[in-house]
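In the two complexes that follow, chain A is the common piece, with chain B as its partner first and chain C second.
Now for the complex of A and B:
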């Protein structure tokens, strides 16, 4: 990407354009696809990049870290109970002598996967169901909204409790599916409402009249125009999924000891926060950093997808000014 | 009107010696992210009692801001300086409370959008009464104010005023709402009425009614009127003096006749030349003003119009020309250093504009040389019917009526020709379009596109037809997906129809050039383009699949006149280059006259007159067409004042319950003038379309030619 000051370009665009989303590409005839443009705009957002690096770093740490440590989450060091961090146990130990670093990493493994997957799955379901109901209306709308209402009135906790004997011992993925299954309904309703208004917009009609099939209209025009909502929803869902899993674990479903998640660690050690802070601070700190990083990435993605966002542009102006100087 | 306690003052008000409003060196600026926006830069004008001043300019020229400054309605962030004297009293620097005593009482305002100018939760009568009570508290009883509001509604021509006074704004049509707003404006017998684009949001027939009403209001109150508009046609017959604004300054002002006949500023020339004329039968070249108004944050030195001016010379860039008297007249002034040269040109008015701006008439397409009967039918409608059920009830829906949106219309569009479909809003134009574009089996009748009947096509064939038929929508803001780049927008139809990637990448820049845009802007988003440019992108997308028929749904009605001219020229050029057929839906008859070969006039779901455009416009047979045509203002003050306007009474009847026999009879002036036995024929027998001349049909029992232009 070469940065060119675009002032000469103003021939017809002055007033309407206060800056371009990307500066002129080296080959002006060759336009960029949406994917590439979004990528470039995302890469411009420093905070989002930091967030992305942090998330990738946490994954690496969670999965590679335990291999480097000599302690495991299910073994105890009987010579160290409730020790604050020192060279042997860098995060300290808990009251039965388990290494806190090993525990935190094990918890992080679980929570990272549960948090991101649940958010991704539930927001996707919400987008697809809501958009389909709003776009097709009629029978599809009635059926889907009936399902939504049904799931909304059913106490999710009860269902999971009833089903838990069945999925006990089965893979963690089932837990993810269950968590996701009870998180998407409200968003789906909002998405349906937004689809109803978007559907009447002329660009959707234009796509229909050029022969674009309905599923492609939904994927190409309707869902991207709700991207802001969906991304915010997904980032909120990450945090709430981690906490919802804690709740389940507390009642004996979900992640069971000796296995741990960040949620169980936080729940277990919350009361020790003032007396033995390392028990609480490390898992809690990782959760906070994780959710924060997801938020940054989400914001960056939203700005990159939204052509009216001025955040990326204002930075651009600064960039061009610096370059010009 | 004699029973009221409150009366209008005698038109000659004793206080009103000298000008009602005197604005001197008005400056208004707003803070913005990219620096201060100088929306008005040194504006001076005055309005005498009983005088009508027209302020004309493109959007963004500062005309609305200057009038809001007079009303003291600008946001507190605005910085206002200069002097605004109302009846000799200075208004700038007064507090809001002080101004409130003048606003609505002595100065009143009519806004553009009658929908948002009325509060939806109060009845119209209450709102008019409120306007009176606010200023005459104590002096007027509530009952008297209520009575007065009935009189006012009656005065502005709302039928059955005593009943309608209890109606809520949503029960009024757009034209009736604007009347109610005018009733509020004149309720306190103001000395100055400011009308900000009062007719822009209205249909042509209603526009004529509202203009007439403003004239009445002026006669009744004797007030000075400032009318703000972007359409030079509207003010030609109504205003006494005219001021043309550009980039926050007056660039030309003078008597209406002088400005229309001897414009001395290139911008005024351009504005005059950009209006399609209803009264010109030969093809007229439209003048597009290139580019856009400058950004008002930091203007370069020199004439702000210089970048768009065809007559620009180096001297134009050195200093901004002041308003100078031209032609030795004290009243006519223009801000241009080359006024003498414009004066020296042979042609006058719009012709001079064509000469100076170098506009050209597009050639006739090749296919137009073949006689019409021998060309293929691209689109044929045979007795098309579309009805909507009216349902009532929440749980058990029962059908209580039917809206006959389209009640059996037939027409055909042949290769390389343009059919203009015109009519008021609510007449079924858009429904007809949607039926054509949906390509489903119609409720009644038949649609055939390129010889294929829509009732017989399967999904595959329908998909194939979509390739030959495309659409351009009215609103350039809404018709492009804001999240797609221009490249993706234009490429979409080609992707749908399975073009190869290389082919698409080659064709998209080609299409951009075809519609007059630069291909290096392809990675931009629609939000960064102006309305006119976006409409061009919409046209490029419509042409991507090389269609044979393009359906245009009011493609220029959302654009400023100067930009509209550019888009119309583009459409004509494309038609002759590519041999396209257009179905052009519009409510602006002057645009239709300019671009169409044939015209069909719709009224309440029926086509009441159809034929060659010259035949229909020069010799209209149906009373409705005559009324429509007479309602369109002509941008020529002399002609405009001589014209006799046919004002239609009332609004369009509800299509759920159309009148028996001839649907137009309830508003027809011809019907009203007929003897009873002939009237019975109108009431009982529905008139059929009958040939009146070569390629000219009208549906009226008593069709007769009437000259209205």
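Now for the complex of A and C:
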């Protein structure tokens, strides 16, 4: 195991051109592919591993949990109003006797689906628009940069809140579209920057002189070379999407009843936090732990996929160790 | 340098105008104040609905409404609400409430965030560094809508332990509070502590992460070693040469951090029942009022842009290269 770890380290400190097969030193017994290397680097990061387990556990819990519980979100227990957690209702009950576990799971389901969908959609948009802007430059590029600037001034929270009367009473999927429509800009700007450098690389130029059309170059040569960034960004975006959704739902601008999300639950029960804490603590706890886990996984992925970004840190760690010895 | 700052200022004014125009247009297009009026029971007579439409300029196209509203704004008149109350009357008080929160939040946030970042960079991989990292990781995953109620719960616990109401979490003053200015000030501070914490803690976490990595970059640089080699004490080298350089990339972050702050402020005001601009936005959208919404947007845009401009000034002050050019 130690042999492999050292190789990972060596690749980490020398592999400036990540993505090239030179990255992995050949192993006499087992060929080291890039995927395997990334996998090993990721598994070595304990926090990221814990985060991954938590995320998988939460998705499982949100969809399997309600099946195991005898209470459902739309039935009331008329013998238990505002009861703190006990054996019958492990998360307690609210003021009309609904089981908080069933409600929290239902909210978790919606928030997690929204987070996943928004991240996938917005990262895809970012990849296409950012790459196109960087590749073609000109008007498309100017517009993109200007829109990103504008969004800094006019927070997306404000825009979606203003538009909320329009999608009230319609499907929650509209909210997904809205959230995705305002989340891709910053990533697109990073993608654009990377495209500018990739465009000058030999393999892109070669493809161009061989007569490949621009959209094929973008799809086959530019976007795949940014896979690391896009994977990391999609992960982080799940967290920000969940936060954006809960923020809007907190005020009633996001998910609308009869749908329930973590945000609506927190919004409804924030007032009761000091009197009936279990109503607030369970949805809030799930939210914080989920976002924390996503951030840890995102950091772990960054370290694993793009080791050059942490090179300084690792070198310094080694230095301090040497000093200590 | 004056030219540079002036150019930026003009750019910001244009952006603020565009942002406000966008918000006004979106709000006017989606809001339906007449629909709210018509749903009243008993329904108001047709004549008064017509009169309301005329009052709200609903018979005009949206761009013309914007021009009407904007020409009022230039003269200090922000129009009337749907309930026919002048916005300008309320505006000053609400801006005061919000700005007090924002300024305190950002001051504490930057001050302690930078301090925490510097300390954890200098004492890298010590206990304090790990603690600060964990602290900011958790806080960054914890939106204000969770942090606020948690602070309330904590304050309730402290109040119960002391046996008196020291930390107050409802409103910005005690209604009908009598006393000299000193007691008034004390009363306000009691109300101010928790909301300020709710805003500042997130800011501290946000800035400390960036400050830490930017300080780490500087710590490994040659010029810092040179400064120490020529006889400066470590402390002097760190703060006069190191911190100043490490602050430069932070300057551009301040503008971005302010956007976060404004959105966070909306939650803080709602949770601690302050009647500031954030609360007004929620009220404005709730009563489908385009004028209120546009006014709040203008306020947000001016705040973000002013802080952006301040960041430019700071940038110029910290980085001599900008001043020379």
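Keep this in mind: the second predicted complex is superposed on the first by the 173 of 325 C-alpha atoms of A that agree within 3 Å, B and C clash if a C-alpha of one lies under 4 Å from a C-alpha of the other, contacts with A are read in each partner's own complex, and residues count from 1 in each chain.
Here, a residue touches a chain if its C-beta (ideal position, glycine included) is under 8 Å from a C-beta of that chain, and two chains touch if they have at least 3 such contacts.
These numbers come from a predicted model, not from an experiment.
Colleague: Could you say whether A:75 touches chain B, chain C, both of them, or neither, answering first, second, both or neither?
Modeller: neither
Colleague: Can A:225 be said to touch chain B (first), chain C (second), both, or neither?
Modeller: first
Colleague: Considering only the touch criterion stated at the top, classify A:143 as touching first (chain B), second (chain C), both, or neither.
Modeller: neither
Colleague: Who does A:34 touch here: chain B (first), chain C (second), both, or neither?
Modeller: first
Colleague: Tell me the contact category for A:152 with respect to chain B and chain C: first, second, both or neither.
Modeller: Touch partner of A:152: chain C, not chain B.
Colleague: Under the stated touch criterion, which partner chain does A:206 make contact with: chain B (first), chain C (second), both, or neither?
Modeller: First partner only.
Colleague: Per the contact definition, I'd like the list of chain A residues that touch chain B in the complex.
Modeller: Within the complex, chain A contacts chain B at residues 9, 11-18, 20-22, 24-25, 28-34, 37, 201-203, 205-207, 209-212, 216, 220-221, 224-225, 227, 305-308.
Colleague: Note which residues of chain B are touching chain A in the complex, please.
Modeller: 34, 60, 290-295, 437, 462-463, 466-467, 469-471, 473-475, 478-488, 492-493, 496-497, 505, 508-509, 517-530, 533, 538, 541, 545
Colleague: Can you tell me which positions in chain A touch chain C when the two form their complex?
Modeller: 149-150, 152-155, 157-159, 161-166, 239, 243, 246-247, 250-251, 253, 263, 266-267, 270, 273-274, 277, 280, 284, 287-288, 291-292, 295-296, 312-313, 316-317, 320
Colleague: Can you list the chain C residues touching chain A in their complex?
Modeller: Per the touch definition, chain C meets chain A at residues 15-16, 18-19, 22-23, 26-27, 30-32, 124-125, 137-138, 140-143, 145-146, 148-150, 152-153, 156, 216-217, 220, 255-256, 259, 262-263, 266-267, 270-271, 281-282, 285, 288, 293, 297, 300-301, 304-305, 308.
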